[in-house]
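Letters A, B and C name the chains as they come in the text, with residue numbers starting at 1 for each one.
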Amino acid sequence: MTAITLAKGVTMGLRAAMERDSKVVVMGEDVGKLGGVFRVTDGLQKDFGEDRVIDTPLAESGILGTAVGLAMRGYRPVCEIQFDGFVYPAYDQIVSQVAKMHFRSRGRLPMPIVIRIPFGGGIGAVEHHSESPEAYFAHTAGLKVVACSNPVDSYWMIQQSIESNDPIVFLEPKRRYWEKGDLDVDVAPDPLFSSRLMREGTDATVLAYGPMVKTALEAATAAADEGKSVEVIDLRTLSPLDMAPVHASTRKTGRVVVVHEAPVTLGLGAEIAARITEECFYSLEAPVLRVGGFDTPYPPSRIEEDYLPDLDRVLDAVDRSLAY
Amino acid sequence: MSSAGFGSGLDEVFGPDRGDGPELIQLLTPEGERVEHPEFAFDLGDEAILGFYRDLVMTRRIDTEATALQRQGELGIWASLLGQEAAQIGSGRAMRDQDYAFPTYREHGVAWCRGVDPLHLLGLFRGVDQGGWDPIADKFNLYTIVIGAQTLHATGYAMGLQRDGVIGTGDPDRDSAVIAYFGDGATSQGDVNEAFIWASVFNAPVVFFCQNNQWAISEPIERQTKIPLYQRALGFGFPGLRVDGNDVLAVHAVTQAALQRAREGSGPTFVEAFTYRMGAHTTSDDPTRYRVSGDLEHWKLKDPIERVRAYLSRGGVADDSYFAGVENEADELAARLRKGCLEMPDPSPLDIFGQVYDEITPELEAQRDQFAAYLASFEPADASADEGALR
Amino acid sequence: MSDLKWFKLPDVGEGLTEAEIVTWKVKVGDTVKINDVVVEIETAKSLVELPSPYAGVVSELLAGEGDTVNVGTPIIAVETGDAGAPAATPTGPTPEDLVPTPKDDEAVEPGLIGGPAPGGRTSVLVGYGPRTTEAKRRPRKGAVPADASPAAAQVGVQHSFTPHATPAPDVSIEDATPAVPPELVRRAEPRGTSPEVAPPETPASVTVLAKPPVRKLAKDLGVDLAAVVPTGPGGTISREDVQGHTSRPEPDGSATAVPSSPTQAGQRETRVTVKGVRKMTAQAMVSSAFTAPHVTEWVTFDATRTMKMVARLRSHRDFRDVRVSPLLIVARAVCLAVRRTPEVNATWDEAAQEIVVKHYVNLGIAAATPRGLLVPNVKDAQAHSAVELAEALNRLTAVAREGKTPPTDQAGGTFTITNVGVFGVDAGTPILNPGESAILCMGAIRKQPWVVGNAIKPRWVTTLALSFDHRVVDGEQGSRFLANVASIVTDPGSALLF
């Protein structure tokens, strides 16, 4: 049992995957000597060499486009996008090429590519460094999207993602990079595409992923002080969604609140609300409520705490749900 | 706004001789005369040229038959390569088995050289699949429709070759290279410029083969560049060459040299095959709206097949019976394609669900099952309704 | 083997349904190759040359020059010779043929952008072009009746293109257990400032406000929500509203056995659907009557002292806020008498082959309510003081009268009193509430001549009847219990002895 940070979990997971499979290559901006701007690839180039830990030119489309070629040649590229807001230049390659190649080739050209994106706000950054672009990718057929929320998951999920033969957008909650947790490598991990019940409750269900899982758990603790029993589920996988635990919880509590940093309009919460309505209509004591970013660009950092969902906004939604 | 508004004209882009200047590498004139070039020579014999002739005719026949099939409603669309046969056969025949080609959607001649059944090309344009050939086995990637995206794939694949240690070993059966095809319009794309940078800084074994057919649908080359395209390579740090794209011998010689350079580990080369798109952009395009017929007449005189035939006839390498035999073979190919095209079954709408992922998701399985049940809920359509109709 | 092929006039585009044959380029007997131009036609917009899709010998021209022909009509027949294989290799069009030539005409040539394309499509740059469609459904295999129930529709929609598509998961699970036990339902007060708190304002056309689980309950109970009086927040219909409605006589009498509407002329019978409380009562009574062997005994006695006591209590300070009736005394008597014969307060557990003797009395009172017969019970009645018991009985009856008795009040009873005396009858042979082993029936209490000492005096006389489950209770215990209750009601003071 070791206490590690979430960032370290990714580092250790990458290292384990690279040791296991010589076809795994890490590529991105500043991932080499510097070890990445969040130090997630720290030490990897030193140990695995410049051919396997590739400092790329500053061109995100180039990173993904060449990753496609490497994948065709049998490699398993792990691409680091330095910040969420910089993934858009690569959007065409991801959506038109990475996502569709398996389909177009009817399976002859699998794309075992992992696209690591530090995402979300809360680090007081200048613009373009705090975005939550997950819905764009979850909306895209051919991609799979997962988000880790804690060090144990970051360690296992990155390895599971690398082992997948499908392209995976791997979202890392950058403001939680330094959160610590105990890792026991002998405990088998959950399947990659599964959501997980984090805290049991009876009155309402809060769904979250990535950075919002911690917020949701804190909200549940605060709610307990008020005598409200809040259940929390970490979705972990955004595409495909693992709805079975969500439906079970909905049937139990009848009230669901979905939390994410991304704007609510057409976000993951909208999809989840629709699925719950389709499957659990008769169990719903209240409409599924969403807590998320507003339909504005991400604001300047001095007011980001107002923009980001926090404990109070989560509980405000729980209260509103319970009022029905 | 006319192109003159930019103060740019063909003279500025191509020089006063409009592309026919001394920088143009040519080994066979439009009249069928072999000419020398100080750096490049066609080092194969007449037997190879006979083969090229056959390739050129077959490729054009594939193209014309496909165009006719589109006119009869059997293909949704066809992107004609008319006029560009030599650029494709010359470069395609310069590849070795282990080399890998990344085409656009117009490289029917390269596909022919790689042994791809032309029927597979029709499948894509008929709309029954998105490329039915095996890109790994044929070493010929699926067609890429998004302009220029494949140049990055080619570069990445070339980086994979480097990591596999199949560059610069001196073993001719082992050393490998990649060739990326694209057009003049694609040179404006960010992806293509990124590919140039990546290939350059990583010294990737890739040949950037640009068929400058002078038209990006309706936009002339002046809208893409103000210097000759091949000169751009210098700015990225690797050599650029302009070859007569209608001269199969010169294209072959230049491409072979560029590929060999890549295989040896000397990095990328830019080849500008200077040619002309004789047909429309696609079967539905109407080039009479944007270009004058004078250009077409000018380029008809430079036809890539006629000059090879002239050379073969003049030197007695081939007689009329040879040419007739090739024509006959081409017609047989066309008949096979027509029959195969008409018999090509539509895919099942349920097939698509299983092709999205290596590991299908439960969501997709559920969608498929629901859709299957939905489809099964309809009365069977009247199968005889459309029989024999021109669809 | 010969094979005759008909070339039908291509459907030349959206809105263009016919064309004129201008010039035949071939005649009968001509040999044509694939792609040979066979005819020139004129559509509403342009002249078009049609290439033959067949090779062979022209056997017939089916339209004359100058004829206007509908799309889809065969215009030429070609004898293709051998059926399977192509009869002849196609002739390639010359490259020049395929390069469109400039036209003076404004019309869009077939095949060019915006022009007609085969199959009734319109040409686009990148494919076949958009199809012409009809506003008409395709026929389906009779699986979707027009009058499909909303429930079936709901299930159908739920499983269209959604994962985990097992049949009606929500419905089946909900049938098994309520999604949310009523005691867990929270009732926070809506805050007026937040628009999300109160259910959204009702559009004029929507008359019913109810959350999904309430709608499900209503559907299961066969309740028309439009007929339910809402008492929930914001005018919503609550669970209780639906439950309270189930046995309330409806204007059409559908919920009661006796229709309240006037019999229509010529109608000699009225058929009433058995549902709701009627249905549950019927099932319970059948189950009870044919499971537990019933024995009924009765006793008639002088209840004058109880009547006097009731009068006294009514003026007592402790009882000023409650209604006191002889039922209170009988109920109290039952609780006391049970101590001596606990068998009457027990359950036959068939599965375990055990008799479960209860050490508490959940005392049920059979009540005729607007919804029908309900038996709410006072939990732990044995622990209640007289005044507490009175309060509890008052509350039960008040709630029952409003038709709002919740399921929890009806669950878990151990002994039942039914008071048929209120209807003016003297006694009856009651049927056990299922799961209980005895039921006490109170008859009317009326002044009757009664022998007191050796004189006949007017006294308040009543009859109590007791039915019991002979599997659990023998005649001895049943008789003793009935006698004990009667003795307490005869002389409330004797309660001190219990």
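By our rule, contacts are C-beta pairs under 8 Å (C-beta built on N, C-alpha and C of every residue); 3 or more make two chains touch, one makes a residue touch a chain.
These figures come from a predicted structure and were not determined experimentally.
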Selected interface, A-C versus B-C, where C-beta contact pairs are more numerous: B-C
Most central chain, judged by mean C-alpha position against the global CA mean: A
Inter-centroid spacing, subunit C versus subunit A (mean Cα positions, whole Å): 41
Distance between the centres, which are taken as Cα means, of subunit C and subunit B, whole angstrom: 64
Contacts with 2+ other chains: residues of subunit C: 162-164
Sequence positions of subunit B contacting 2 or more other chains: 362-363
Of all residues in subunit A, the ones touching two or more other chains: 240-241
Subunit C-facing residues of subunit B, complex: 60-61, 64-65, 67-68, 70-73, 76-77, 80, 82, 127, 217, 278-288, 293, 296, 328, 330-332, 334-335, 338-339, 362-363, 365-367, 369-371, 374, 376-379, 381, 388-391
Residues on subunit A engaged by subunit C in the complex (per definition of touch): 202-203, 240-241, 243-244, 247, 251-254, 275, 278-286, 289, 319-320, 322-324
Touching residues on subunit C, where the partner in the complex is subunit B: 5-8, 10, 34-35, 51, 53, 72, 85-86, 88-95, 98-103, 109, 111-113, 117-119, 123-129, 138-141, 143-144, 159-165
Footprint of subunit A on subunit B - complex, ascending: 129-131, 134-136, 141-142, 144, 146, 149, 151-164, 190-191, 194-195, 197-198, 201, 352, 355-359, 361-364
Contact set on subunit C toward subunit A in their complex: 154, 157-158, 162-164, 169-171, 173-174, 179-180, 184-186, 188-191, 194, 196-197, 199, 211-213, 215-216
